[in-house]
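Chain naming follows the written order as A, B, C and D, and within any one chain the residues start at number 1.
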């Protein structure tokens, strides 16, 4: 096996496809963490998005509608989660752990009650493949980056928009201020809790879309119990060591996607490394990167701290 | 004078824990005046400010804006009604720039007006303030951060400006500059309310005053014709001999702690120390005066044995008892009971154990005795330190340090945030320790206090010792210039009008 | 009516006291153990259907446990056994260790395993219906190699467990039996349930030239079959006829004869002849077969594959030479 | 001579009495449990199962007889140990989310003496327990050292290390530790000398259950009645305070994580030595996170953790009964585990906002 252009293009394309659900969720996590809300429940939000999309597909038969419904499912679940973490000031880590446990059970129950065992019918092409005109014909990159699910292009657009929003817009300024110093933002007369609720629900939108993408685009519309299998936790790690920068989130996720793709490539190429060790690789790389970052780049100062007006803290 | 712009009308506030912070308080603020709110710690000044600003809601009474009743349930309501507030603990976003911090609060027209950095400069110039709009807040010295905090309160054309203890963090010369700025603001017709407990500052700068004591108004009037002693009496409720010397002037015995040519490299927002020589002797109180951030923290850390000099030599005795500046994070472990806070160092020295386990009975007994001796007001020795007032918390820290019987005791801002009586008690105990032969080194920015208790005072400025005064030579006129005269290279001065 | 039932129960109780061989009127309780879920995937769903049919046919009082991980299996087995369940059927070879651990403590409970077992270790109350996965693999290799036009086939497994590795070896043998020049690529998903990874691996293998995919990853098979369906490769259905689900891609399906196997288990239990036997299920015993007719390929392929099957049934091919 | 004896006895009795006194926060926790059970019953009702029957089956499944009780206790044990480990670390100021990984490493460690020395008789069991604890301890010490060396936040490090440990165990049972001829991913079986003895015939109640309760008592004594525990609590709640007292916060971080990991390692070791008798792939399935949740539900109190983990044990054996007798989906177990955590977090959040924090010493 030699490393020709096709192999490389396939490898890159696989990296993109594998990272997409995680990257979407990580973008959402980056936003809520910027606003000071640590969404450990990301895994559960993805699960709710995934099961909602599967239900949506069964009901409407339209993959596009399924993605929309999945996104809505994630947002609705995030709203409930945020009622706890933001409004009721529940400990964000504890709440997230409980939420993830609940989500595994609840989504499985929903599947058993609502979904049948029959695999989805109808083509999913509209959401799995969209060749961009002209660009898709470019050598290597055409196949790698411009012959992808439309959700991927959407993710790139969202990442760029988020970057511009955080950097240049007033909304971005307010969002960052809430995460850095909620008390100061409150003193400026800005509504801290609604802003955090908004950020948390946006996280749900992105995690829901991520879960829906996992289910509809990557798994052909099949919902499997606990199908996220740790992807939510990985997304949290990505958001953090991308230092909450949206474009960097995409890049970090892509690199980890490539690592995952390498596992399969390694198998084809007959590389003699045990599968479990290869599967551990993204986590090892993430760990090394995290250690290398070390103290550099501080987290938003109010990350994980519930907001209380006054001196009650 | 016209009608009051805002009136606190028979305001009461009871906190959820049952504490009655304000009782039937009425205060008027008029346009174009600087109104001083005077009182001891815990008199209710900050609570009143927070009620005006919508941080807390009153449990009785209300607010009248131009005679019309208004409710401030959150700061947004207060801002909409033209109120700006300068908080004691700045409400600034430290990683943001000056311009971003201003943009954050700006509403409507003001937001459009502050879009570009040049606009921000123009806006600041109106109040005689010159700052780089692109500077990151966290990198600015406290005095400049305070200017930004004031500007922030003015961005939305405020007609009422509230300042909570603005002068405590400033050097004497900086206080003057602060009031220059406030007078400019007043002269634009704004009502300026300043919370402080410094009578001299009020007499020199304010137009009217209101005195609060234990949550009630005990006096109000015009500054013109007001008398310092009378004001002090209103504040503390009895006449205290402020400024009188505590204990005799002592001469030190044998040297116990020596710093020779000690230097520490400059760090974040601090000049470090350069070439400091200091000899502390038995049975004396040595004051270290200086504006905050001139090397005091480094000096205290050296004494505490927490860091080593980059250059020079330090000779420490076997033990140094410590009273740190930050009571809540360093002086105490707030969730531990009073008893374990009092005896922590002794327990760690393998005392109070039985069969390897802690002897809770013995710890309790010993703690009771210490609580009695140090006059610590607590429900029991098992109460968490968190539940105690600031003064009583400081008494715990001091009692523990004293109980260590160390040859040297180092204290850092020991009276900050305490009311007059509690501060007096602390100073008295330090003097007693010196009388017993202990070496006391007291780092403080409160010069009057230093003069009253120290036998000699060294002044730190820009990380250097700029002078030493002793005995009758310890007067503010000498010390003030030593603190403020030479500005170390690289340290930014305060912008003046 | 109510009184009658009550009297009947009383009578039954008295009978039970009188004779040990009573318990005739209350149907015996049987329970099934499944690793994943009986409402999703292929192996457990098809197996549960066989289990349920057996229970209905024999009039058993049946229940089942799903999501029983191998670590929780001993607890589940003990609970069921001490709860009075008369027969426990475990629907995965992974439960073997748990049964061997628990069975000695419950001599009155019959344990049965479906899938693969090498030895009952002398336990008197443990039987197994053991599928000849070697032969199964060999046939898959034969049919894939026969159908492939590019001479490039791929096998995708779930986790690299020994039985899966062994099956892969026999798939290779089967392919080589048809054509020694056929390329057989193997890959593992690293999970039995991650559909997305399975689909990605399958897509990659098709892009590298494989035109026939053999799914061997349980629930994750769905991803492999979808990839084949979308990318124009052929594949098979696993354990039951799945041609309706992936009409573009499924050439045929392996159909486990769960009805037969479970039927035998039920009948033998009722007849009290279960004991400690190991029943081998293979083509010759009609333990499984391939669905017909084949789709998307020439009739010649079907004929060729069934010719090999007939030879296997007749014992004319030695798999272990 | 008699007097000091009586003195000691009195002191010991006093210790036990204080250990059993229910902290105030337990009331909130019990409310969370009750709320969850009510919601769980409502769900069961929605599934069309008669509530009375469901409640009876669930209660019998959790506490109905000796076998049910011992199942509940066996399910309780790993969750209790992980919780104890987690609360030691969190009390010491380290937010250890790595219970899952430490448990995996403990399980691996418990196998090592047998693999190294073979069946060496009575010495095997204590060696296996020790080895499991040490492996868990080492695994947990790594994040502590990384925090000191690089300032790497332990939340992320421990989270990532969980996955690394899971895959490492998977690797071991797929390759190096798998005996020839095995038809599943697992190690060889331990000889009976190397396993935790069963306490009651016909049940799964093993010695590890008792040892776990002893560890819980030991952790409580350590935290409340030793100078080390005092320093640990102080350093977790107020690092600046202990630094000024001349103690090294770094040393506290390392030692609290080492102890935490050792206890977490015991959780894995006891699963191997008392339940599995071998290393099996995927044996844990989220025990680490459940244990962490137990620690929080217990308000970071060791004796509270016993009560809370008992609830988790009961939920697991009860849902097994519900499933096997009434075919109620197993998903109910996760729902009933997740709900009280959420309810408790919300209740304590609301109380915090009202100025009455349930927990004062977390982080």
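Going forward, a contact is a pair of C-beta atoms (placed from the backbone, for glycine too) under 8 Å apart; a residue touches a chain by one contact, two chains touch by 3 or more.
No experiment lies behind these values; they were computed from the predicted model shown.
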item: Farthest chain (mean CA position) relative to chain B; value: C
item: A-C or A-D, whichever has more C-beta pairs in contact; value: A-D
item: Euclidean distance of C-alpha centroids - chain C vs chain D, Å; value: 36
item: Gap in Å, rounded to a whole number, between the CA centres of chain D and chain A; value: 30
item: Between chain B and chain C, centroid-to-centroid distance (C-alpha), Å; value: 76
item: Multi-chain contact residues (two or more partners), chain C; value: 67, 159-160
item: Residue list for chain A, restricted to those that touch at least two other chains; value: 108, 112, 225, 274-276, 279
item: Touch relationships between chains, expressed as pairs; value: A-B, A-C, A-D, B-D, C-D
item: Chain A-touching residues of chain C, taken from the complex the two chains share; value: 36-37, 39-41, 45, 67, 159-160, 185-188, 190-191, 193-197, 199-201, 203-205, 207-208, 219-220, 222-223, 226, 230, 242, 245-246
item: Complex interface listing, chain B residues touching chain D; value: 15-17, 304-306, 322, 324, 326, 329-336, 340, 344-345, 347-348, 350, 353-358, 360, 384, 386
item: Residues of chain D that touch chain C when the two form their complex; value: 61, 67-68, 71, 74-75, 170, 174, 178, 182-186, 189, 202-204, 271, 275-278, 280-285, 317, 320-321, 323-327, 329-330
item: Chain D to chain A touching residues, read off their complex; value: 43, 95, 97, 146, 150-153, 155-157, 159-161, 163-164, 167-168, 170-171, 174-175, 286, 289-290, 292-293, 296, 329-342, 344-346, 348-350, 352-353, 355, 362
item: Sites on chain A touched by chain B in the complex; value: 170, 173-174, 176-177, 180-181, 183-191, 298, 301, 309-310
